[in-house]
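Please find the structures below.
Each of the next two complexes has subunit A plus one more chain, namely subunit B in the first and subunit C in the second.
Up next is the complex of A and B:
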């Protein structure tokens, strides 16, 4: 399977009367986008705005972040199975408005947090302070049930990114990346001496505000699924969850999954990258046992020597992570785990309460309890009342000058468990 | 197969049949579930949610399966680790009581999802 991703560097976003990219400036037809999204009768109002790196702007509560793209050749435009008819993702050519992002804002429940600060201390912690963000605030008609409300907001974000992505259709990209991996037999013949490595990506799949979709299929009802390494980075996977701000894998992060990019970079050099197993994180213990058994079985069938496992969320998925680890290691398959940790405000507490002797290679995406001070914003996009949710959890978090202390867990992408973020870890 | 739901969520107690209602906190609910696990009940659902924000929820529901004469070690490990993790998280946080209705609703919806995940018939 061969995929070309053409990156069109975006240096600014402007609102205007047509949608285009000229000299790196993305202009968005604001009214056209609003009219397009409001074709969905469940939407009452759409507010469009722009947030640029360095501006004293806060976006809250963020629902999802999506990279605008257009399919040039192969497959279908948009998100097959969701915003367009089913088609194979991962083949042909896709143009990306690189440096731009659609950030959806939508208050589905009162306790939603998810903050992106475009400047200052807050900006250091979220990768989406560096993107030019087109914010889409989606307000729905009265009387929608929570599931329909969530779906409406999710689909609107995807459609907005599709609408904007079309601007890249006839633009020559600044850079073209090629992703090509043949069948496992072909690659193993080419690289007989390289260790075979598969990526097991765990995704939250537990119900409302806690779901992930592959080609539009809710992962909660399926067994672990094997994907070619190209599919996820070409719009096959979308996020439906939004109450785990720091370690939620946004759709943007699925589209740019760092683990896939890094394993790809080593393919044919250090490793033979076999592909991706998408692992659902179930609520029941039976589901966890089934998904971990099935993941290990797939890894064994494919002859994997090693598995990189990334987690999404915190709490019950920690059990799945260790089940996969233990079962792989006992079957002679080496594991590397990527998670995040709760090591207390000072970072000194024992970080993981679930442990296993088999877990010998563990990477932390950051300490979710680390406290940051967010300064008052000049402008808030979204619901300013949601800011109270950030500081609502503990005494003394709201300071006299209007700045606010909050834990990293409120900041979008702050402790990404697929490594798409700003913090790094160092060995002392 | 009728499972037992341990909950402090009135919205769950209102509509579910086999419920042990805990008139107390989320932590007390987890502790009640732990006590029952030590009496031989098997855990059906994981005691914690999958996201940090739900850790701050004042409401928690846990599904237990059938009781046997022997303690299920796997369930014991999971519930004990969950309580340690919960306590560690809540050391410096207060339960978020400003959004009680939404937390009740999400706890109920996630519980329903767990019930439908795979009907236990064995």
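Up next is the complex of A and C:
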């Protein structure tokens, strides 16, 4: 499978009357986008705004972040199985408005939504302070049940990214990345001496605001699925969840899964990268046992020597993570785990809710309860008061001067468990 | 010297130059100025700080009169009001180590004064105090004094001046068990791939998260006669009276709540809902009994299957709540239930 990703560097976003990219400036047809999204009768109103790196702007409550893209060749535009007809992802050519992101905001659906600060202390903790963000504030009609509300805002964000992505259709990319891995037999013939490595990506699949979709299929109802390394980074996977804002895998992070990128960089050099096992995180013990058994079985069938396992969320999925670890290690497959920590505000508590002696190589994305104070913003997109009920916030989080105290829990992407960000913990 | 910071020092009878084992029974005394290791210590402060006094206590006296002597020593320290408190180093001396440890913990916790001490890594006093005091890692005997004091003095100086203390490796103290969140150069996925490559090549690597060893909790004795037993209902599923009157957090709970349910036959919507941010709340909000089954418990009570449902229902949010906090909540709630004569608890999680 061969995929070309053409990156068009975006240096600014402006609102205007047509959607285009000229000299790195993305102009968005504001009214056109609003009209397009309001074709969904469940949407009452849409507010569009722009937040640029360095501006004293706070976005809250953030539901998802999506990278605008357009399919140039092969497959289908958009998100196959969700916003467009089913097609194979991971082949052909895709153009990316690199450096731009759609950020969805709006009435709170669940506690697990988050905050993005574009400047100062807050900017350090979220990777989305570095992207030019087009914010889409979605107000839905009255009377929607929560599941429908969630679906409405999820789809609206994806469609907005699709609408904007079209601007990259006829633009020459600044950089073209090629992702190519053949069949396992071909690759093993080419690299007979390289260790075979697989990536097991755990995804939350636990109900409202806790689901993940592959080609539109809710992962909660399927067995662990094997993907080619190209599929997820070509729009095959979307987030329907927030878990806690700090460690949810946003759709943007699926589109740019950093574990896939970093394993790909070693393919043919240090490792033979076999692909990605998408592992659902179930609520039941039977589900956890089944998913971990099945994951390890797939890894063994493929002859994996090593595996990177990433978690999503914390608490009960810690058990899934360690079950996969234990079973892999017992089968001679070396593991590295990526997780984050619930070490308490003082950092003195044990980091995980489960433990395993086999877990000897663990990457930490930081402590979700690390408390940060975010300075007052000049402008808030969304609703600053939402922090009182978000995970990681509390009554009184929002101080009188507009500054905000919260745990990293509330900051989008802060403690990424796919290692998308640069945060960690050390023993002090 | 007026703007220099104040250090108060603690030593045992031996380092206090009173005597050996024969003097181990002496009660605590305060002496103005610096005695024993405090002299070398002060010199290392380079004029920035002064040792204003030395407390000397016999090791046996301390260990045999712990609670009384601790109060006396704390009062001495309160009176001297130092900017930083220093004890030892105790090296691998057991009784001296325990004394340094108990005093250090009490000073840090109760007086909120920063504390520096020094111990050998196997000193029996270490575990009790390392989370509260900075314990410099020393050799197992007093021969290590010259090496220990500079690290202790440097730490004391930083603490007194409010300068950030760096990592255990850089400063020479024994890790306190605190997970400190930091921003580093490489993203997590890069670090993961590098760690896996090291493992595959058999090269050295260091985990970022050493695994925890769990406590083993001994189960309570079984209830002999359920039909006479009082059963309490507790949940970590975040069920609270609608409006969440005590503002229990939706994740990483910092508190728990208790609510009178003596006149209720169930936890009905819309009087109750969940504030828990870690699961799909729709079905819990439709019927809060699904999370905390008061309805069934009350039926059991009516049938005489259990003696009585306790009048109060206890609740908090489990998601993202640190284990230390959970232990604190459990201890507090357990003590209340025990005092109220509750025989058993139904504890539900989500």
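By definition in this document, the second predicted complex is superposed on the first by the 399 of 428 C-alpha atoms of A that agree within 3 Å, B and C clash if a C-alpha of one lies under 4 Å from a C-alpha of the other, contacts with A are read in each partner's own complex, and residues count from 1 in each chain.
Keep this in mind: contacts are C-beta pairs under 8 Å (C-beta built on N, C-alpha and C of every residue); 3 or more make two chains touch, one makes a residue touch a chain.
Only a predicted model underlies this, so the values are computations on that prediction, with no experimental measurement involved.
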Which of subunit B and subunit C A:220 touches, first, second, both or neither: first
Superposed model, subunit A: greater residue contact from subunit B or subunit C: C
Touched partner set for A:317, first subunit B, second subunit C, both or neither: first
First, second, both or neither for A:390, with subunit B first and subunit C second: second
Subunit B versus subunit C as contact partner of A:333, first or second or both or neither: neither
Partner chain(s) touched by A:285 [first = subunit B, second = subunit C, both, neither]: first
Partner chain(s) touched by A:406 [first = subunit B, second = subunit C, both, neither]: neither
Touched partner set for A:158, first subunit B, second subunit C, both or neither: neither
Which of subunit B and subunit C A:259 touches, first, second, both or neither: second
Which superposed partner A:124 touches (first subunit B, second subunit C, both, neither): second
Interface residues of subunit A shared between complexes with subunit B and subunit C: 110-112, 146-147, 206-210, 243-244, 283, 313-315, 342, 344-345, 349, 353, 368-369, 389, 392-395, 409
Residues of subunit A defined as touching subunit B within the complex: 109-113, 146-147, 204, 206-210, 220, 241, 243-248, 281-288, 290, 312-319, 342, 344-345, 349, 353-354, 368-369, 388-389, 392-395, 409
Residues on subunit B engaged by subunit A in the complex (per definition of touch): 43-57, 63, 74-75, 78, 81-82, 84-85, 88-89, 91-94, 96, 98-99, 101-103, 105-106, 109-110, 112-114, 117-118, 120
Sites on subunit A touched by subunit C in the complex: 110-112, 124, 145-147, 195, 197, 206-210, 243-244, 258-259, 261-263, 265-266, 270-271, 283, 305-306, 308, 310, 313-315, 334, 336, 338-339, 341-353, 355-357, 359-370, 389-395, 407-409, 416-428
Subunit A-touching residues of subunit C, taken from the complex the two chains share: 131, 165, 167-168, 175-193, 195-197, 199-200, 205, 207-214, 247, 249-252, 254, 275-282, 318-325
